[in-house]
């Protein structure tokens, strides 16, 4: 007997609203239907009415966890449009904050994966370490999220000797603890029993469905934008691309922990080799007609911005595609044939940042705050119908969901 | 590892009569202009020859009289951006899901936002707009403006 | 005097007042241990070092709005928490802490009360299933089905494990079992396998990690108790706490030599032995992650049940050799 279970839009397993309609047979999932649009804020249309500096502010707010990836991608693209070369010290500091953000995002994800699997101890430990990273970011930029460090031509703040020393010291503690998590993540029996074999994504299917990021790398494809399409100074930094052949959620956990260890090495290299000089160069206000494609390896995968300018100080078109959107078709395939108990884990394994994935025109805010008068009236009408006096007849109401 | 110039020369010699233009705008950014009917042929060719399997996204720009769509393709060492133009009065593009199955969500987004008809798309439900969005309004066209509605405070002034 | 003792027995110790106070204390111990093992602090502000936190939680729940789903059977929905609480409080009365006499058969200590206590501890599980069923919510129904599937897994090993000390002590009466083991403390050692099996099965009965599948928050929203709120949820939570106390007391009486020695010494022994078992349960909770329902059933039938049968064999062989 088949029946459909709605997971979402509101569900404790999901940190942001998204609707997954699962068709079930017993406890096994037969089909999935993803409905998006609950977090849609209209960034792309809004970006056409704002100047480039204001857009830097706007793109930062696309997401909280990976905010720096959006500003860096945008700033890189606009620097290509303006044809200016950013300052070298600024590039180093920008990369330092990028890698710190990658560490904090992966530690957050490890905690969430532990919590979804029921392993709350792991969750508490990784988030305790994340506090160390957030303190470092606060020391460098003044904020724990939304660092506001980027500008066209470099970064806005400098770091001094004491800060460099503190970063190097914290790295020692963090490296030791992360190596311990690698041991737990791959050998604790109840945890591995929960993760192994869950959400399989074979290599050919991952390539066909255009998956990106750790989801792709855990299926054995060594694709990393920092290596394939080096931006900034990544061409000079020695690091390795981490892959795994397991193709399931356990592979994704291992890939992410390894990436965190690689990021520690990159941060160490950056702090030791920081050059002297200014942190930014001057950027023009108006940009002549040009276009740029800017790609960036966010913690979740490939982030791509396409910017087109038209000679004024506002962009003609800004197109943002965040990595989570690219992983949705792969998620649908991964969920088929799994148990209900594994839904949160499989979905969390792509590291969903749903607010990143939806930025077209705004229609209504999530929750009950309606800004369009049409649907508010509809909502009132439906509510009146549902709570009417003749409830005994039990008319089934079709919500617009 | 093949350089961008080699790829450009190879494309010109193999399918040069079917493409409109090919340029290199920056390191690792090749732009290839084709007609809409040759789109699938070009994508299949670059996928088979140099393993351009990742379609990053499909961007669209409203240029006034025409829409321009760019299909951003990537492989492990470079990018090719395949561009097509289609007139505003009759916006139609062929579907690319036969060559790249992962393009389905991006094509649904194009249909929502620009009002383009993607011929042969396997699943044509709207992706991002809500179910009670009025027909015929396409938000990313340049002539669609959004005005903030007057705020109504129930029970107040 | 003859009427005051039963009243004290029912209401004060080990009756309602003691259970209420002690079970909230045990919940505080569990939460504090869990937190300290995770490098956190745990409850801190209510009372000295957070000791009144569980009481505060229950009092808060008692004051919240009580919503009954429209399609649910109102009488059953409201009666189930009360029945559950009654079942575990009645089970506590059979623990041989006080007011029993090994020579006589009284209403709270008779041959077979081992089985009665085990039965009363099974009632909350059935009531969880009924609660999920009567909530008419899809997630609750799945939670209820999972509760019964888990029952299928852990109940048999638990019963087999508690049989072996009874076989060795040659009695079905808790008071006699604990007298036997307090007189021959060395005979506790052969029963340790059974003790381990029974502790794991108790963790499953109490539905704590790694066996908290029926009310797994991230999968099923709230499982069987999704639709419960306000006073009814307060009763269910109190019942879960008291079940932990009664379960640990049960295991302590059967395996660890019990609470002999009169009122005060028995009281001290009760506190120490139940806290020891709670410490083991809290450690298991910290160290493991949740397992799936099919893995749980496979685990019980592949490991727990054979170990319990092995323990029973050991007990029978030992008993045979002792008689000779």
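Each chain gets a letter, A, B and C, in the order it is written, and its residues are counted from 1.
Going forward, contacts are C-beta pairs under 8 Å (C-beta built on N, C-alpha and C of every residue); 3 or more make two chains touch, one makes a residue touch a chain.
On a predicted model such as this, the values are computed, not experimentally measured, just so you know.
**Q** Assign the assembly's chain-to-chain touch graph to one of these shapes: line, ring, star, complete, other.
**A** Topology of touching chains reads as a line.
**Q** Using each chain's Cα centroid, which is most distant from the centroid of chain B?
**A** So the chain farthest away from chain B turns out to be C.
**Q** Taking each chain's centre as its mean C-alpha position, how far apart are chain A and chain B in Å?
**A** 23
**Q** Using mean CA coordinates as chain centres, what's the chain A-chain C distance in Å?
**A** Taking the mean C-alpha position of each chain, the two centres sit 44 Å apart.
**Q** Can you give the whole-Å distance between the Cα centres of chain B and chain C?
**A** That pair's centroid distance is 62 Å.
**Q** Which chain A residues touch at least two other chains?
**A** Residue numbers touching two or more other chains: none in chain A.
**Q** Can you check the complex and tell me which residues of chain A touch chain B?
**A** 36-37, 40, 42, 44-45, 80, 207-212, 222-223, 228-229, 291-293, 295, 302, 304, 306, 308, 316-317, 319, 321, 325-326, 328-330, 358, 360-364, 371-376, 378, 400-401
**Q** Mind pulling up the chain A residues that touch chain C in the complex?
**A** 5, 11-13, 114-122, 124-125, 128, 188, 190-191, 193-194, 339-344
**Q** Tell me, which parts of chain C touch chain A in their complex?
**A** Chain C reaches chain A through residues 37-40, 138, 142, 209-210, 212-213, 216-219, 221, 286-295.
**Q** Along chain B, where are the residues that touch chain A in the complex?
**A** 25-26, 28-29, 53-57, 59-61, 70, 72, 74-79, 81, 100-106, 109, 112-113, 127-133, 139-140, 146, 148-149, 152
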